[in-house]
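Structures are listed in the sections that come next.
Paired with chain B in one complex and with chain C in the other, chain A is shared by the two complexes that follow.
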Partner chain A sequence: MIEFKLPSLGADMDEGKLLEWKIRPGDRVSKGQVVAVVDTSKAAVDVEIWSEGTVFELLVESGETIPVGTPMATLLEAGETPQNARHSPHTAAAPQASVAAAASSTPEPAAGVGRRRISPAARKRAEELGVDIETVDGSGPDGAVTLADVEQAAGASRAAAPQAAIDRQAEMRRAIAAAMSRSKREIPHYYLAEPVPMRRATAWLAQANAGRPIAARLLMAVVQLKAVALALKTFPEMNGFFRDGAFQPAAAAHVGVAISLRQGGLVAPAIHDVGEKSLEQLMTELADLVKRARAGTLRSSELADPTITVTNLGEQGVATVYGVIYPPQVALVGFGRIIDQPWVEDGALGVMPIVTTSLAADHRVSDGHRGARFLAELRELLQQPEKL
Partner chain B sequence: MDENELRAAVIATLKAIAPEVAEGDLRADRPLRSQVDLDSMDWLNFLIGLHERLQVDIPEADYARLVTLGDVLDYLARKLA
Partner chain C sequence: MKMTYREAVRQAMHEALVADPRVFLMGEDVGKYGGSYACSLGFLEEFGPERIRDTPLSELGFVGAGIGAALGGLRPIVEVMTVNFSLLALDQIVNTAATLRHMSGGQFSVPLVVRMATGAGRQLAAQHSHSLENWYAHIPGIKVLAPATVADARGMLAPALADPDPVIIFEHAQLYNLEGEPAEDGHCDIATAALHREGADVSLVTYGGSLPKTLAAAGQLAAEGIAAEVIDLRVLRPLDMATIFHSVRKTHKAVVVDEGWKSGSLAAEVLARLAEECFYELDAPPARVCSAEVPIPYARHLEEAALPQPARIVAAVRRMLGK
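Right after this comes the complex of A and B.
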């Protein structure tokens, strides 16, 4: 018997409210599948599962608010039967009333599980309106989702939005306050900054984009993200978590991208394995991530596992960012605005586009000497954009 | 497409990215990105939106000319003429 527990989706989350199950007892689930939607202070999050099995019982009902770590469901492993699994101490300990009985008493044709009838027009309209089609109740034959259902759902969410937005904003402020206070209380930050010439990178990017249709153009942000991820390969002490008094380096660079939300607040969900992806792939993923962060539909893995954060406050016009590390991470890299500045190169004074890169890092894990070399590596990587 | 229709199309595209924008508060002679708080991703999405809505090509080399709402309207009007 496998227990599926509410995962922590970041240092600033200690509870979540189950909005919806995406699974029922009897469903087979696979790794990475979205099984539930949980409301956190930052967003409604699609929670993924990282085990395989068959859903046995759902232990939490929609609308319940539960602490992180609470068992939400039990799964049968391959070869397990409900009979031998019932003796499992895990299930005996689960305090919540099971909703399995109620769910399984609803007659459900086997072929219908997991497949919903959605008219093509409804699907298209849902995309246009930004409505998650999976959350729309169907009123058509066999529960089919119709165009009218989608439009009604869109109207309903708009009507409910203002109060929800105010609550969310207050909660997000509290969550950011908790995480940042913990950061400043526990993490001995050190800060470094380094001006980086960007002539090569901007020229390379302009040339790369000149031949592309507008929807395929790259932003400098992805060039910077990739350079950070590659620099981390040489400086693993900037990438990972400080937990239980020790540094745990991360094998891959899951780079959290600070995304400001239009109504206030921010989230920093991860793009996974940044070092292994092409700039085109990263651009596609960044665009998707920003869109979903603003729509409030992030996935649990994106919130739970950034191994470092990158912030690009230069967008707002500042020259240098002094970051606050997001615990339990151990570093934050900042990029300022690209500014034309007087610059001496080969003994001659000229004008150079400059970006100030900065590093806030955890002194329990690394020293300024290594931090300085990390920024120097980042600078060198940005001089060879064609290799990123 | 006349001037008013073009303006309406541009505002609609902008609102798809920044729904809180009040058209009356927009100054046509001030930099659009700082007025509406558009980062480079928002800006790119705004231009992609204009491209899709109006079937206009906007090369990256022209971005520097598109600073104010007035610049954007003039640029598009010329392109569509």
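Right after this comes the complex of A and C.
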């Protein structure tokens, strides 16, 4: 018997509210499958599972708020049956949860197979009313979501919505406050900055984009992300977590991208294995990530495992950004705006597009000397954009 | 004035024969016997053998003769005893009557009316009981009517005779004894579907002999608190989809009741058009109540089991509403 527990979706999360199960008892689940939607203070997140098996019991009901680490469901491993499964101590010790699970484990019709049943009219009406159809319970034949269900849900959420929106913003502010206070309280930051010539990178990018349709064009942001990830290979002490008084380097660079949200606040979900992906791939993933961050459909793994964060406030117009590290990460890299500046090259004064790169790093893990060499490596990588 | 469907058909033909000397009636047993469903009783005596003509048992021959008469300027009403027998005249209707206007570049028209009985429920077994209206509704070049009420039985013939192109009229054999009121002036259109009952919960679409059954089902549903709208197609070609769309946009649910078999049926056509034009209005998969896919049985209990019945219509609606 495997227990599926509520994962931490970021250092600032200590509890979550289950919005919806995407699985039912009897479903087979595989690694990486989205099994639940959990509301954190920042967003409704698609939570993935990292075990394989058959869902046996759901221990938590929609609407419950539970602390991180609470068992949410149990899975039967291959070969296990409900009879021969080893019951975990938790199931025995939590009679209340078991009652809820027993109630929800009544056999369901085969409607769980394939796409969820939502009538076309219900889907259209939900769009018109701004109701998230995935959150609407179905009352039609085989659990189909009907027009009446949507209108009922809209009526209910109209009453509750403004309050919820205010709560969400307040919650996000509170979460950012908690994480940043902890960062400044616990992490001895040091800051470095380095102006980096961008003539080659901008020229290369312009050429690379010349043959592409607008939708497929690369942004400088992905060039910078890739350069950061490659620099981390030489400077692993910038990449990982500081936990329980020790640094735990990360094997791969999962780069958190700071994305500001329209309604205020920000999230920094990860693009995974940035060092191993092509610029085209990174561009696709970045576009998708930004879209989903703003739509509020991020996945748990994206929120939980960034190993470093990159912020690109240059897009907002500032020349230099000194970031606050997102614990338990140990570094944050900032990019400012690309600005034409007077620049001496080969003894002659000219005009050069310059970006100011910055590093905020955890002095418990690295020293300014290494930090300086990291920024120098980043500068050199950006001089050879064709190799990225 | 209340009358039977049979009397309405008779009055409509009588009126046409009196009004227009070009009109004549021809078919098996229409003269001396007075019509196999007694719709032309007394006509032979009143109008004489030139205008009320008994024919040999050759649908191919007498439907063809009707086409020739229409081309020659007359206004024939050709009666075919049942739709099953009309298959012998398919070549005349599909290859000749329906095509001549097109193939002559508009020089010839075929102002022919073919009346035929259709449908089951009278223990006439598999060679006299089928509902093949959809075969004709498939064919461009003809108009296909299905009077399901006394008013339509009385009113549809005149505009059909006035139509310059061939018109097929299907009279369901179960309807001849139905009683009802014709329209005051006796007239009606042959272009639109008719709303027989209003309701907000589900649209029941039907035609011909299934209309009374569908209305009975709607009454039963009303007793359960389900408001069913009932639409009679009336015209099977061209279909008046606007009326159906209008209804389904209101109810968001549709059940089509069709005595034909499901496969390749008029019910299939209506559902397909709903899917094409009304998809985003649908709140449940549209459903059909049709005849069992067997040749219509002779034994009464089997025949009843094979046909759409009010109980099956009610059950289909309940299932759709999850009740």
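One rule holds in what follows: the second predicted complex is superposed on the first by the 316 of 388 C-alpha atoms of A that agree within 3 Å, B and C clash if a C-alpha of one lies under 4 Å from a C-alpha of the other, contacts with A are read in each partner's own complex, and residues count from 1 in each chain.
As a convention for this text, a contact is a pair of C-beta atoms (placed from the backbone, for glycine too) under 8 Å apart; a residue touches a chain by one contact, two chains touch by 3 or more.
None of these values were measured; they are calculated from a predicted model.
Q: Would you check which partner chain A:122 touches, where first means chain B only, second means chain C only, and both and neither mean what they say?
A: second
Q: Taking the superposition on A as described, I'd like to know which of chain B and chain C A:214 touches: first, second, both or neither.
A: After superposition on chain A, A:214 lies in contact with chain B alone.
Q: Looking at A:286, would you say it contacts chain B, chain C, both, or neither? Reply first, second, both or neither.
A: first
Q: Quick check on the superposed pair: does A:144 touch chain B, chain C, both, or neither? Answer first, second, both or neither.
A: second
Q: Scan A:170 for contacts with chain B and chain C and give back first, second, both or neither.
A: Neither chain B nor chain C is touched by A:170.
Q: Which one hits more chain A residues, chain B or chain C?
A: B
Q: Please work out whether A:266 is in contact with chain B alone, chain C alone, both, or neither, and reply first, second, both or neither.
A: A:266: touches no partner chain.
Q: Show me the chain A residues, by the header's touch rule, that chain B contacts in one structure and chain C contacts in the other.
A: Dual-contact residues (chain A): none.
Q: Within their complex, state which residues of chain B touch chain A.
A: Going by the criterion above, the answer is residues 18-20, 34, 37, 39-41, 44-45, 47-48, 51, 57-61.
Q: If we count contacts the way the header does, which residues on chain C are in touch with chain A in the complex?
A: Where chain C meets chain A, its residues are 252, 279-284, 319-322.
Q: In the complex of these two chains, what residues of chain A are touching chain C?
A: Per the stated touch rule, the residues are 119-124, 139-141, 144, 146-147.
Q: Within the complex, which stretch of chain A touches chain B?
A: Where chain A meets chain B, its residues are 206, 209-210, 214-215, 217, 219-221, 260, 262-263, 286-287, 290, 312, 315-317.
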